[in-house]
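Note sheet for the following structure.
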Amino acid sequence: MDLTIDAGEFLAVLGPSGCGKSTLLRMIARLSVTNGGRIVAEPEQFQTAFVFQDAHLLPWRTVLDNAALPLELLGIGREERYSKARAMLAQVGLAEAESRYPAQLSGGMRMRVSLARALVTEPRLLLMDEPFAALDEITRFHLEVQLRDLWQRRGMTVIFVTHSISEAAFLANRAVVMTRRKGGIKLDRRMDLPAQRTNDLRSDPRLGHEMKVLMEAMEEE
Amino acid sequence: MKKFLPPLIPLVVITLALEWMVRSAFVPGYLVPAPSAVIRALFDSRDELSAAMAKTSAAAVIGFALSTFTGVAIAVLLSSSRAIQRSFYPYAVFFQTVPIIAIAPLLVIWFGYGMKTVIASAFIVSIFPVIANTLTGLLSTDPALRDLFRLYGASAGVTLVKLRFPAALPQILTGLRVASGLAVIGAIVGEFIGGQGLGSVVDVARTQQRVDKVFAAVLLASLLGLALFGVINLISALTLRRWHASEQAS
Amino acid sequence: MNRRTFLGASAALLAACTRTAKIRLALNWKPDPQFGGFYAASYEGHGLGVEILPGGAGTPTVQMIGAGSAEFGIVSADELVVARSRGNDVVALFAVFQNCPQGIMAHASRHLESIGDVLKEGTLAIQRGLPYARILEKKYGFDHVKVVPSPGGDISAFLRDEKFAQQCFVMSEPLQAKHAGVDVKVFPVADIGYNPYTTVLATSGAQLKNDPDRAKTMVAAVRDGWQAYLNDPAPTNAKMHDLNPSMDAAAFAEVAGAQKPFIETAELGSMTADRWTTLIGQLAELGDIPRAMPAQDCFRNL
């Protein structure tokens, strides 16, 4: 495949199971090695963050210590990283939970900590691999709105892999559908939807229309 | 108190039953001592038994501490590379399978008669569960978390200390639980050969056909094993309390 | 089949079973010349089916007899007396060693004069629970010697350390040491006046009462066996060597010869009340038994 992503885009990546969407994400994150292809970035190096399908928090650390982890690994001092982590936790609405342990949180809360952790380094690129797949629908709706809001305020690039057509349509301003095999791209579409996305959009026929286009691309083959 | 009641009841029942069986000559007292005879032996020989218990405890604790630190260190080394693991893990299994009775005389050659041999015996018998469980724990780290650490450029050392080791803690403690009892057994066996402590009391009493004293010494050895086990459980409760399912109340 | 026939057949079957029932003879060590006569005996020739159970370190033969897991067993006289004092009705029938072959061996190069000298320095490997160990402790004290557990027939520690002394069977370990190039001086335990019968065939009082003929036949078979072994140990040594390869054939022959003086007597295996009385007195004085007991209870000459 040949894919160019601009800074500041919210790109959704759709495709059937096994088409390689997770692999693509890992290659961009330089967690996996490319095989014959290249990942070219400009600038070369910048802060990347990754959000997994499960929150994957360190269970022996408090919420605050979990959120601050990336800064700790980058060598930032205690005071500074705690204040940044607190700010991020406040942004995702978990300010009062900072001294709790992951075992005491609900699935949705844990995902929000994971999100705060991803954003604490103010990354230029945010990679997300089906992060909300394991959550219930209402929580998903809220987190999707929150994510979109965070994206708009920070101006980072987001690549969001998902199975869900409705989620892709709601969140992204550009969606790409991958082929079943060979890692090709079947559809590359700029979403025809307003910039401000609230839960009201979910009952808007424009969303339904975008979803239909995506669904047709997914189904044909 | 409620927690101690369930295990106490069978103990009381069995003790009373045993006492009755010996007193009514249903079971000969020279084969199985009446519990009252064991208590009397505990009391009559209390000086000898407490000195012996001190020696066995010291050897078991030191042997156990050594096997804990060495075992964890070996497991860390084995977990660092697949090649190292494949080359050296089979030798670690040697500690599991070697019959301690067979090599105890060799221990005497190397360490002489006394405390060093007993500690060595406790060490050899108890180290394998530490290695095996620690290794499993270190190798079972969540791959997504490993990726996360890589993403932020964490070195192997940092990943070991901040991720792999804490994640392996429940498994390590499991290994320590098993090893604690084995350390006591290893010490007693070492004492049969090396000649001191509770093992020696058992050996001498056995020769004298003092089954009551044998059982008294064995009882003390069991209590020692129980105490070590309890210490590990306490450590487990304190460190895992907040985050691991095994220590969370229902 | 009616009830009468059934009972009759069962009784006959039971009788036949007890006659040809396996008699288990439990040894308290591996097969070696001290048991030669037991292996040489022709039990079938006397109408008995005997299974010899070899032992090793710590085989609890007195308890086995008491518990019924062996009909006959090899014990030492002192442990028999102690067992009786604990309520275990064991009775001696045949004493292989008329004189106790136990002793302490030390390196000849130490030029020690008496058994007390052994305890003046160095290491002594001895089973501390044995009565003679405690007699030695009472008489000479263990303050200047390091007492360690007996290595059970293994002389490697002895060979390595000149100041190392260990308990032995007078005709066994010293010969091994000599072959390994170390000259030894042996101090028989009998020298301190402690001389129990050793390698004694025993059975339970209950069995003696229920089937005295069987016990008598057993003793007769054993006596003949020992006579045969004393006359010509070679074939039996071969048999025992197969069962216990840890001792080589030459050693078997050598020990068989060296042990003869301890065994030979007018009527092989017979015992006297005086010897038992002396032993009982010594054990009572040591405190191993609460009070003396009649010597007659401990043995029978069948």
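The first chain written gets the first letter, and so on, giving A, B and C; residue counts start at 1 in each chain.
The working rule: a contact is a pair of C-beta atoms (placed from the backbone, for glycine too) under 8 Å apart; a residue touches a chain by one contact, two chains touch by 3 or more.
Just so it is clear, the structure is predicted and the values come from calculations on it, not from any experiment.
Trainee: Average the C-alpha coordinates of each chain, average all protein C-alpha coordinates together, and give the chain whose average is closest to the overall one.
Mentor: Chain nearest the centroid of all protein C-alpha atoms: B.
Trainee: Report back the single chain whose CA centre is most distant from the CA centre of chain B.
Mentor: Farthest from chain B by mean C-alpha position: A.
Trainee: Measuring centre to centre with CA averages, how many angstrom lie between chain B and chain C?
Mentor: Computed value for the inter-centroid distance: 38 Å.
Trainee: Counting in whole Å, what is the centre-to-centre distance of chain A and chain C, each centre being its mean C-alpha position?
Mentor: The mean C-alpha positions of chain A and chain C differ by 84 Å.
Trainee: Using mean CA coordinates as chain centres, what's the gap between chain A and chain B in Å?
Mentor: One centre to the other, that is 48 Å.
Trainee: Give me the residues of chain A that touch two or more other chains.
Mentor: none
Trainee: Name, in rising order, each residue of chain A that touches chain B in their complex.
Mentor: Going by the criterion above, the answer is residues 26, 29, 31, 48-50, 52, 54, 56, 58-60, 69-70, 72-74, 101-103, 121.
Trainee: If you look only at chain B, which of its residues touch chain C in the complex?
Mentor: 28-31, 105, 108-109, 113, 192-195, 200, 203-209
Trainee: Sort out for me which residues of chain B touch chain A in the complex.
Mentor: Contact set of chain B toward chain A: 142, 144-145, 147-154, 158, 162-163, 166-167, 169, 242-245, 248.
Trainee: Which residues of chain C touch chain B once you look at their complex with the stated criterion?
Mentor: Chain C residues touching chain B: 58, 62-63, 66-67, 79, 82-83, 86-88, 123, 127-130, 146-149, 151, 154, 156-157, 160, 288.
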